[in-house]
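So that you can tell them apart, the chains are marked A, B, C and D in the order they are listed, and the count of residues begins at 1 in each.
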Amino acid sequence: MSEILEKLFEAVEFGKADKASPFPPQLKGQDGANELTKNALDADVDPKDILEQALIPAMERVGKKFSEQKIFVPQMLMSAKAMGASMVQLKPFFASGKIKEKGTFIIGTVKGDLHDIGKNLVSMIVEGGGWKIVDLGVDVSEDKFLEKIDEYPNAVIGLSALLTTTMVNMEDIVKAIRTKKPDARVLIGGAPINDDFCQKIGADYYAADPQKAVEYLNKIAS
Amino acid sequence: MSEILEKLFEAVEFGKADKASPFPPQLKGQDGANELTKNALDADVDPKDILEQALIPAMERVGKKFSEQKIFVPQMLMSAKAMGASMVQLKPFFASGKIKEKGTFIIGTVKGDLHDIGKNLVSMIVEGGGWKIVDLGVDVSEDKFLEKIDEYPNAVIGLSALLTTTMVNMEDIVKAIRTKKPDARVLIGGAPINDDFCQKIGADYYAADPQKAVEYLNKIAS
Amino acid sequence: MKYKNLIISSPQELMFGKAPSPVKTRRGLIIGGGQVYSELNFTLPTMSINSNTVKRVNEHYREIAEGALERALHLNSKGVVLEFETLLEMTKTPQIGVDIVSIMNEVCEKYYQKHGLASEIRLTPNDLREFERPAKQRTSELIAPMMELFERGMEAGGDLVSIESTGGKEVSDDALMMCDIKAIMFALSVLGVRDMQFLWKKIVGLANKQGKIAAGDSACGFANTAMVLAEKKYIPKVFAALVRVISVVRSIVAMEEGAVGPDKDCGYEGPFLKAITGIPISMEGKTAACAHFSPIGNIASACTDLWSNESVQNIKLLSGMAPTAYMEQLEYDVRLMNVALKGGDQSCQLFQQLMVDSDVYTDPQALVLAPENVIRISKELLKGDSYVANAKNGALATLDIIEEAIASGQMELSEMETAYLPILREDLNSIPDSESEFIDMMLPLMDQSKFILEEYGL
Amino acid sequence: MKYKNLIISSPQELMFGKAPSPVKTRRGLIIGGGQVYSELNFTLPTMSINSNTVKRVNEHYREIAEGALERALHLNSKGVVLEFETLLEMTKTPQIGVDIVSIMNEVCEKYYQKHGLASEIRLTPNDLREFERPAKQRTSELIAPMMELFERGMEAGGDLVSIESTGGKEVSDDALMMCDIKAIMFALSVLGVRDMQFLWKKIVGLANKQGKIAAGDSACGFANTAMVLAEKKYIPKVFAALVRVISVVRSIVAMEEGAVGPDKDCGYEGPFLKAITGIPISMEGKTAACAHFSPIGNIASACTDLWSNESVQNIKLLSGMAPTAYMEQLEYDVRLMNVALKGGDQSCQLFQQLMVDSDVYTDPQALVLAPENVIRISKELLKGDSYVANAKNGALATLDIIEEAIASGQMELSEMETAYLPILREDLNSIPDSESEFIDMMLPLMDQSKFILEEYGL
């Protein structure tokens, strides 16, 4: 890996978005992910390499550190921001089709439910894994999901619920999705969910945590 | 109610089987259910009245006292024995068809399960309610149930299970019964069972305790 | 802030079962009057609530109340509080909530009349306002059903009323995940305080009209959420400890507006409220493991007046229904405390010491709940002239206490944790004492699309 | 009976966490050596066990062990015992049981190697012999798979072995329902004792061969069943209290044959065994409310060395899986005891006093577990020359204690209960001290189709 990609890797791993950002202290004053990406592109590094050799592996390492409880969420959030700052530079290449996300992941907390901390974490980590995220927020009805599926017909759909009275709404939503798009993959999660419930409502996969979700998604993508 | 039926009622309520029995102390030396029944028959009391005005109401009162926690199981067992002692006298009339049980209740603890304390209590109380009991014991397979259903085609079937690993066997048994006799009524019970499970496996009724079982059975009989 | 001096200023007097201002209920519980009672919390199993299921919903609550009170009776309970924390549909359609209160009240009354077992219902409607983003804390149409449930629910037999209100949560949600202590301060000591003033004036008004008990408001979405996140190792425990202390200035507003306790369980700000205001409180710890794991299982009971399990679904365990099982567990916990109370000061002190020693140095969140530290922090929480200053002082004192415990070798914390201490201190020190100055400082740093200042009277 | 004198003869020395003969395990737990540990019990959720589901079954046990040890670690646990009480299929087909032991042992080893958390598996196979009626206690073919599971299960990592054996149960089942104390005496002090001698010789032999720990045998089908029935108000509590005491002479046979403890939890005869033999014991109380309700929630812990929850299904609660939640609850209970132990004799005594006072006069079953009464009864349990005489003397002493507590006004019992006292005393007094005379007296009174004397060496 070239030196510049190594630096970019480091910037993302430690959450340095741009030069102006005061975080992390040990990289103060140095270039951030934004500048490093620009430099790389200027130096004719293939955007695909930037994505696949620096950004995604860096976020993978971050995800791993998080799941090994070696960092807290804020550090992960900073890394996600750094990745975002790099993406700003890569945008034109996504637009031109030169590079692609692994796929699109539509996620939302089901209707009646406002809990979103877990869902947000999942979004972030899946995004770090190289997926395009369409976050529908909380209290999301069937209709909203279907609308977005129209827009992103190949998307994988993720449902989150934290209440025992709203997890049952997942069933309606899965049914609605199946009617419209029988082959769409639906991934579910949230504290009260388990495998049995997943099978019962006919969803495709239950992930207990974001890492498991990413593993599953990557299997689909490959 | 005639004096003799009143006495018989009392003998059953307090568990006096026959004159020789030392229980209960306050009726020591007096006639028990056996003698009183014989006397009543000798005095031309209608066996139907004996059953319906003395025995069954006495056992109903006993069941009520038990469910109100005013007596312990041994007292109830003594009453059941007293009723049995009376039944010995009534046997010929059952045989001739002059009097009838409310129906037949086949009960057993399902295969793999040896818990029978609860099942035995249910048998006893249902019997006191005027039902003929066919007790298949513990660890009972589908086949044994089906065999007995052949013998008593109008019987109501009761299944008991105390283990979470054997309650699922109820499902097989219910299915087997349905295949053979779709209109047979199946009643289930035991500590781990609940309404949802009852619905799930397609049984007809879940009774949390013997009283509820008797209520249900009496509804069917009437 | 209304309170200028501690009502309880000596750690020895901060004791379970005894509050300077006990609360007497309709059926004769005297909460904080020398006895600890169980507060049972419960919820539905997995199911939806709609017109088809509402009958079954009602049956669940009847079954829960019957099972729990029957068990409590069997265990010679001295009295029980049943907390009915509603699920959304029950506040959105107040009739559903009101019916459930009636059903449970009927059960309570039966056990009272027939067996002399005293019980009372704590009614906790949802704060529906968070369904709108940005939240319209003062002008939302969702306030009407909330108030309807309070009012009609009290008529139906809810004697204690509480809520876990959400003013400031639109800011704190992100702040928690970013461990941004300044934003937390803004959410709680500015937005939270102002929303509590607005809301609790209303609630206390409704309660007083009916002679019912305005009990209190717990910073669940803030302090409890922080604890759960810290327990999952998502955020540092030192941060969660600070959030708890900061939430005091927000939750105490209920008392300033006239609430009399027992304060609600799940934010754990109760011990501070008890020290400052003298009201009785409810707490939860090990016996709430059905609802969430906890680093403060024993120490949480050190000065509580009600002992709660936070929440358990009405599902079957091997023994019977889960709420019945938790009723039993709470009753046995409470028995120990009551026996200690009967034994006099010395036995209470010793038992409390066991509870404290058991947890105190295992987690900074436990540390701040040691009676000595509660008193020390509470003093700081009163010193200043604004809610902001008070919260800041309390938080700084908490940092001192944590650092002292580390320095003395009594508490061990990982590098990951201790790395946050100087950052948190620096951030706290940068906060001015004046609310308006603090607002001016924060506004440019925040995403103002997320909250509406006017909805907080600003 | 082998034991002629009490090892612990003063109530003050009958203390939680301390046993005269502690048991040291492979990974370094010292049970009874000054520390109380949690003993977590667990079982499958509703499901069948067959070749289609066995993979899922294994996953459940791995998940249970992982969840529990992870939580214990997080709570700085000093050590854990995981009791694997098998379900029938796991003994019938020993391979299933052995595989589960291996899986859990792997998890234990991981936490030990990686984090230094010591844990040990107690393996408790089923007594399959009760599948045959009348039971063939000595000649049944079902003994082979039981012994296979013991042997191979120990190889796979089960370090403590126990069973809830059922000798005499074919008699006691009916006797319990009829409250027939003479038949109970026959079931326990004749049949039970003889079967225990037969069975435990084998088990101790197998354990010694591998250097593993033959732990003990609890009279679950007798004493625990009686308690559950009494708790449902099916039989009198005074009767259940006697059954517990009588079961001591049966369960102690395991120690006579070489078992060293920790005795198993669910019969609650442990305190007597501890006083008489000095072995450490396991008990369960309030934190077993997941498995059955209890009249002895606190007092049960007064002199225990392991603290157990009896059994909980691997189902989801709001916090996480139920076994994880119960792990947490046990750990916090145990922490209190361990802090008290650290504080020295006075703090232990005081804490034990709270546990005792909390329950002692609420139920005769609690009464007999007060250390003072345990010692008094244990003395009687040794006095005679036969198991029968010992059991009878213990039971009579128990009746004395109950009657004294009523007479002094300390314990209130309903008429329904007290009516049984003279009947029970009369029946007990009618029992001769000699086993053979007792057998002669009983045989004509019993339904001899239900048991086979030869199968008990008679």
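Assorted remarks:
What we mean here is this: contacts are C-beta pairs under 8 Å (C-beta built on N, C-alpha and C of every residue); 3 or more make two chains touch, one makes a residue touch a chain.
Since the model is a prediction, treat every value here as computed from it, not as a measurement.
Inter-chain centre distance (chain A to chain C, centres taken as mean C-alpha positions): 34 Å. With each centre defined as the average position of its C-alpha atoms, the distance from chain A to chain D rounds to 52 Å. If you average the CA atoms of chain A and of chain B, the two centres end up 63 Å from each other. Under the contact definition stated at the top, the residues of chain D that touch 2 or more other chains are 43, 313, 318, 320. Shared interface positions of chain B, i.e. residues touching 2 or more other chains, are given as 164, 192. Chain contacts here follow an irregular pattern that is not a line, a ring, a star or a complete set. The complete set of chain-chain contacts reads A-C, A-D, B-C, B-D, C-D. In the complex of the two chains, the chain D residues touching chain B come out as 43-49, 87-89, 130-131, 133, 173, 176-179, 225, 229, 233-236, 313, 416. Considering their complex, residues 69-74, 77, 112, 114, 116-117, 120-121, 137, 139, 163-165, 167-169, 192, 197 of chain A touch chain C. By the touch rule above, chain D contacts chain A in their complex via residues 316, 318, 320. Listing the residues of chain C that touch chain D in their complex gives 43, 71, 74-76, 285-287, 289-294, 297-298, 311-313, 315, 317-320, 322, 324-326, 328-329, 331-333, 335-336, 338-340, 342-343, 347, 350-351, 354-355, 357-359, 362. Here chain A touches chain D in the complex through residues 164, 191-192, 194, going by the rule given at the top.
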